[in-house]
Amino acid sequence: MPDLEPLSPLLIEPMVRAALAEDLGRAGDITSQATIPVGTTARAEIAARQPGRIAGLDLARMALRLVDPSLKIAIRLPDGSDAAVGDGIALIEGDARSILSAERVALNYMGHLSGIATATAAFSKRIEGTRARITCTRKTTPGLRALEKYAVRAGGGSNHRFGLDDAILIKDNHIAIAGGITAALQGAFANVGHMVRVEIEVDTLDQLREALDGGAHVVLLDNMGPDVLREAVEINKGRAVLEASGGINFETVHSVAETGVDMISVGWLTHSAPSLDLGLDIVFES
Amino acid sequence: MPDLEPLSPLLIEPMVRAALAEDLGRAGDITSQATIPVGTTARAEIAARQPGRIAGLDLARMALRLVDPSLKIAIRLPDGSDAAVGDGIALIEGDARSILSAERVALNYMGHLSGIATATAAFSKRIEGTRARITCTRKTTPGLRALEKYAVRAGGGSNHRFGLDDAILIKDNHIAIAGGITAALQGAFANVGHMVRVEIEVDTLDQLREALDGGAHVVLLDNMGPDVLREAVEINKGRAVLEASGGINFETVHSVAETGVDMISVGWLTHSAPSLDLGLDIVFES
Amino acid sequence: MPDLEPLSPLLIEPMVRAALAEDLGRAGDITSQATIPVGTTARAEIAARQPGRIAGLDLARMALRLVDPSLKIAIRLPDGSDAAVGDGIALIEGDARSILSAERVALNYMGHLSGIATATAAFSKRIEGTRARITCTRKTTPGLRALEKYAVRAGGGSNHRFGLDDAILIKDNHIAIAGGITAALQGAFANVGHMVRVEIEVDTLDQLREALDGGAHVVLLDNMGPDVLREAVEINKGRAVLEASGGINFETVHSVAETGVDMISVGWLTHSAPSLDLGLDIVFES
Amino acid sequence: MPDLEPLSPLLIEPMVRAALAEDLGRAGDITSQATIPVGTTARAEIAARQPGRIAGLDLARMALRLVDPSLKIAIRLPDGSDAAVGDGIALIEGDARSILSAERVALNYMGHLSGIATATAAFSKRIEGTRARITCTRKTTPGLRALEKYAVRAGGGSNHRFGLDDAILIKDNHIAIAGGITAALQGAFANVGHMVRVEIEVDTLDQLREALDGGAHVVLLDNMGPDVLREAVEINKGRAVLEASGGINFETVHSVAETGVDMISVGWLTHSAPSLDLGLDIVFES
Amino acid sequence: MPDLEPLSPLLIEPMVRAALAEDLGRAGDITSQATIPVGTTARAEIAARQPGRIAGLDLARMALRLVDPSLKIAIRLPDGSDAAVGDGIALIEGDARSILSAERVALNYMGHLSGIATATAAFSKRIEGTRARITCTRKTTPGLRALEKYAVRAGGGSNHRFGLDDAILIKDNHIAIAGGITAALQGAFANVGHMVRVEIEVDTLDQLREALDGGAHVVLLDNMGPDVLREAVEINKGRAVLEASGGINFETVHSVAETGVDMISVGWLTHSAPSLDLGLDIVFES
Amino acid sequence: MPDLEPLSPLLIEPMVRAALAEDLGRAGDITSQATIPVGTTARAEIAARQPGRIAGLDLARMALRLVDPSLKIAIRLPDGSDAAVGDGIALIEGDARSILSAERVALNYMGHLSGIATATAAFSKRIEGTRARITCTRKTTPGLRALEKYAVRAGGGSNHRFGLDDAILIKDNHIAIAGGITAALQGAFANVGHMVRVEIEVDTLDQLREALDGGAHVVLLDNMGPDVLREAVEINKGRAVLEASGGINFETVHSVAETGVDMISVGWLTHSAPSLDLGLDIVFES
């Protein structure tokens, strides 16, 4: 069964075009034009300067190909691989001006997504052996959500909602307005089609019981400590999917996972994971 | 004289529309539609959950207004201000569904940009009293460069090139191809218009001397320690602008600044600064 | 709780701009320009020439306003209302050239969507008193899916998936490849996030039993007669949502609904329902 | 001389990209990704489940190719052909996930356009042996006009105006404002370039005489019965092109055509013709 | 009856946005930001530095308003007016930075279009008293055709085809392929709808006779001297519209017009007319 | 070192697509469709009908290839070459309908850009032997600036700013507001990054001295006669780049160049240079 479906060119081509336009501006790479003779060829390697989980090669390749379709690109470590310091990730051959013109866009995408994948992989490794999976949130960089969710998958994580429209997540504000958990769930089931999943956030075990009685498909357990989470798992008896959330970090994630919850959502992965340090090393030929 | 020119609506409106489309998808905020009665109004406050430098209110306001032009928005702490924990940054009044539909896009922009501004402000504060200024690089999130450079300004930093086309920056690869610093600078001055600034990267003080003789407007001093930098400042005698670069972090930035260089560029600000934790607290009315 | 959430301007404005561009072309409404003096004002009424359920007024209003923001538009029968022959649906006042320039786009949208809403309302009425609801499919007009699904809601129907990405629907082809229903469902649950609903198509009651054992959230009962459907309802015992599908028409829908299934999907509503005949009658003033 | 000019890729590529985006959403075909192993290949046939005139293969092929350029597509019955039940229209070979991802967009286009072509062909056949030709109107689905007019041509019909800007059609409202037929025609000829055709709508034979005297190139005879139309043909003596219009259906079209008019316009063809039932049958290989 | 229909905002807004993006780039008007204090207001006048016919004020106003909706703009000499040297054309009041940011885009549009209008007006004046009218061609600046054709109308000229699709113009190449004038016209009338005008190019009077027999609506008389043109007018006897074309300039246009032809097409108007010199004079206030 | 970097397909493809859409409209080249049999092939030559400097072949080739990727195009005189009357510039072979459909867009681009290149080459030749170079301004056709600046380079000229954002040019209005040259320059240097070039406009030699003291990188000498310019060069002593500007034409440019200034800017090149007369001659084959 599939590991990591590649990003569709239909999705990423317009993004990469826009990113190239952002960097090339109106006059293009005037430094390379002024200092590198027409026709100079080069080999370049994208290499890891930090260990990490790779993600974003499709974007890098798209950037290079859009600048110059004649560039040859060989992938050494595909998305989802782990790179050690110094490992070559991709080899590029062709026109030197072209490679340098696309370099920064390619690396900016790869560094950003590999940073997310690396963080997700680290969290996932921390909870190995438990039933829990790491999942992301909607706290993503505007315009890059599909890419960042892909990076989470490349890191071994699972994806939460892609947007406000593809699943219901009833939060405290909604509950307050609707007049309680039961009423909110009734509203949800009455108004939403049969292909939509319904999750509700709860702060207490009493709320959890009410959510389960209301038929919630998924329950978000907000800011609960390990002991309460363990009790929640017992109360649930496998009825709803249980998602722990709220300020969970690399130090605390293992103790959360051991409670038996199904999902652990970590906003930090997509809004604050640092970029992975990658470089492009170039060897010029005649 | 101006502090912080606001982001032009011409620039940000299409971005925010795309970000809203990304979050609202095809069916919109189905949770709010299903649980919040039509006509419910609310007051909400965007507040700081961490201390930091604020940036991105224009984007938050645009997101709210595009979803619902009738929302009233009052800014308490404008971009460039410092917020303490709990400080109210903006007040929003109007339709509750509208506020909740735009919330995540508004906060994602503000958290990301305020994170960059906060980091820049911290670096800038570290070097107060020196002649140096903090500047950014082209290591930005694809598609968000103009916003991230704005956030650097909001943090008190200065902007480097916006793209490959608006200034020359000759790096080691270009020098190697062109056959040395002198040749590379000659190529640059011969091929580029009179309104373009020319910077060149050097690794040694001998290269610095050659760059100054070649008429470089700006010299990037790559990976030099404080002692070498100090010597570079003496050699330069105010001829070129001197920019220190290469792995400079919050620990080392002060010692670099004390050497007398003009600019210190820090890629980390835009590619890895963590998001600032902001929240939207809502008070519903009947 | 909400009846019919209006179509968001964020969604429909670009569509209506494109539709106006399609009709106005490069030179605009040259007939009105050549025959109607500048400054002529008029009142116009959008009226029903057939009885039916109205949908699409937001699009009509957007078309009129984009052509001329000064037009005054009063809605008499909002979306979701039933109009009798001759009923006035909306009143428009203002510049005559503007009204005539936007007329066709406005009516083309309203006729198309009201046709779908009318058909959905008729089907829904046919099954009143049963537990079943009418739902649509992905057999929609390319580019108009969100609008057509809105028209289904305006007709009292419920929406199925909006696209390939927001829910799982495993069809016969997938089952054949995956090696059976159990294997297909295992693949689905292993590979998909916890916020995604999983539906599977079955042709026989044995397949239904296997699907229920596999944990399917929704089961599509394909091309089954009323007796078999009734048996399926009994087997299900309320575990999964049951959706009847396959060649169901206005004659047969009632007998299907009486079997106790939850949903009845009808592709015809969006791919073949005829347009509702609406007209714009204009009264010129001096 | 040419029968049916293919739809230009310049025109349809952006449309098909948008239609694919509409169906694939943010995460793509998650069902195929979860249930079909990477690398599975298949053969598929697009086949007719109803007899009809085929139109839209260029769009189907574009959808398949945009999803996966490596798919092989062989056309068996090109646009403009008549298919019997069960006839294979196109054969597709290649990656199974790709075929299933593009299937619905391909079929939605083809079903919609073939429905229009089939209806047009039926009307055209009904009037064979007369001098009249079937033509369409501007009552088209917003955004699809060029495609629907192409489908009318595939059905053997002729195209009316593509928009408000490429020809003059003076209707009753314009005549009323302009102060009569003569004045309206004078306005038209005075204000419009020499490359624009001028048509005017008339309700009576007296109006027809006035229109002919005014030099109208084309006269639309609105809602006239066969006897009046026959008289109109005699009055015209071949001067203007005569177009019959107004509620003409499959039952009445022959008697209209026999009167000797040149064109018969039928709005129903593009706003209400039902979709042609086509299917994609897939045979998987290892 | 209308003189000059204003350019639709639907048409020009996206153009002006793109033009502003082209000039403002990524960082906007950095000169004004750096030198003009926030809040400085100014009055400015767009004035003529050469005499000429004005066109393009809608574009200038759109540019100013898009940069700053609070600017007040008063038109003194509307499009289609003649300005003398020094005449004020429009008055602008408001934020000084805003005015200076939009100045160049506003003037570039107005100078270009007023140049075309001025040239067209001069040609039109040269042929006053004849039956001929000046018309343009498809030799326009790519992307600006609708604007340039508008400028021709502002100069008192008439518009030819807007594109390849809205009328037939059979040229020598088509005639050669089709096998002669008669065959080419037969092809045209057989393949084109009844709302399309048919023009054919002829080089000799014999060809003209053949074109008239073939039913051409318009005949383009290519590169004929006044005597031959006069004979062509006699042969025509008012049947077709006659258009003289081919290297006609300001010196020769009057003698061509006197021959009795209906239209004189001049490509130079849109591809080579020099810009009209306009300036923006600014008066700053405190 | 490079002469003329080709225009990037990333930049020009969307422009050429829009230009083709503008010309082909909704129905395409209906004349060729109606008169040229499917499958007719032809050879065509783009040839000069006036002597001049060629620019724009990348755009012509893009137009031809977008209409029909199977066309073969051989360049005889690349951009930057000088063509004599009758010289063949490019040879095209392939489908006749395709060639004729793209002809006008191809020629409109080439005529416009070659006109600018020809004018620039003429000015450049006039000043050969001096140290001065010809440069352009921001007085360009909206939307075509990058192309027109490329044409200036093809004519041997140098480019000024591409927009308001990539360099500082302080004009009289800014100076007046800022309170003088010194204050304006201080504002500029305080507010702008270290990679931005600063130019200031002066009217007198005293202002020049103040500008040089203020550290201006470039000084624009506005409307000064040759004697004053010569004195300015002496005062400058090589400190700033000197740019002469203001109403300089083909008659006066040589005497300006002889004064020793570095740059001479000529707005006329991009706003008023006439199109170069090029034609496409076609030879049909069976």
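We call the chains A, B, C, D, E and F, going by the order they appear; numbering starts again at 1 in every chain.
As a working rule, a contact is a pair of C-beta atoms (placed from the backbone, for glycine too) under 8 Å apart; a residue touches a chain by one contact, two chains touch by 3 or more.
Please read these numbers as outputs of a predicted model, since none were measured by experiment.
Visitor: Where the contacts of subunit B and subunit C overlap, which chains show up?
Guide: The common neighbours are A, D, E, F.
Visitor: Based on CA centres, what chain would you say lies at the far end from subunit B?
Guide: It is D.
Visitor: Would you identify the chain whose Cα-based centre sits farthest away from the centre of subunit A?
Guide: The most distant chain relative to subunit A turns out to be E.
Visitor: So what's the Cα centroid distance for subunit D and subunit F, whole Å?
Guide: Computed from C-alpha means, the inter-chain centre distance equals 45 Å.
Visitor: How many angstrom lie between the CA centroids of subunit E and subunit F, rounded to a whole number?
Guide: A distance of 22 Å separates the two centres.
Visitor: Approximately how many whole Å separate the CA-defined centres of subunit C and subunit F?
Guide: The separation of the two C-alpha centroids amounts to 52 Å.
Visitor: In subunit C, which residues are in touch with two or more of the other chains?
Guide: Where subunit C meets two or more other chains at a single residue, that happens at 1-2, 22, 24-28, 33-34, 37, 145-146, 159, 162-163, 165-166, 169, 187, 190-191, 196.
Visitor: For subunit F, which residues count as touching subunit B in their complex?
Guide: Contact set of subunit F toward subunit B: 1-2, 135, 158-162, 165-167, 169, 187, 190-191, 193-197, 199, 217-218, 241, 243, 262-263.
Visitor: State the interface residues of subunit A toward subunit F in the complex, per the touch definition above.
Guide: Subunit A reaches subunit F through residues 17, 20-21, 24-28, 33-34, 37-38, 66-67.
Visitor: Would you mind writing out the residues of subunit D in touch with subunit F in their complex?
Guide: Counting only subunit D, the residues touching subunit F are 1-2, 5, 8, 10-11, 145-146, 149, 159, 162-163, 166.
Visitor: Using the touch definition up top, name the residues of subunit E that touch subunit F in the complex.
Guide: Residues 15-16, 18-19, 22-37, 40, 96, 100-101, 104-105, 107-109, 111-112, 115, 138-146, 162-166, 168-171, 173-178, 184, 187-188, 190-192, 196, 268, 271-272, 274-275, 282, 284 of subunit E touch subunit F in their complex.
Visitor: Considering only the defined contacts, which subunit F positions touch subunit C in the complex?
Guide: By the definition above, subunit F touches subunit C via 22, 25-26.
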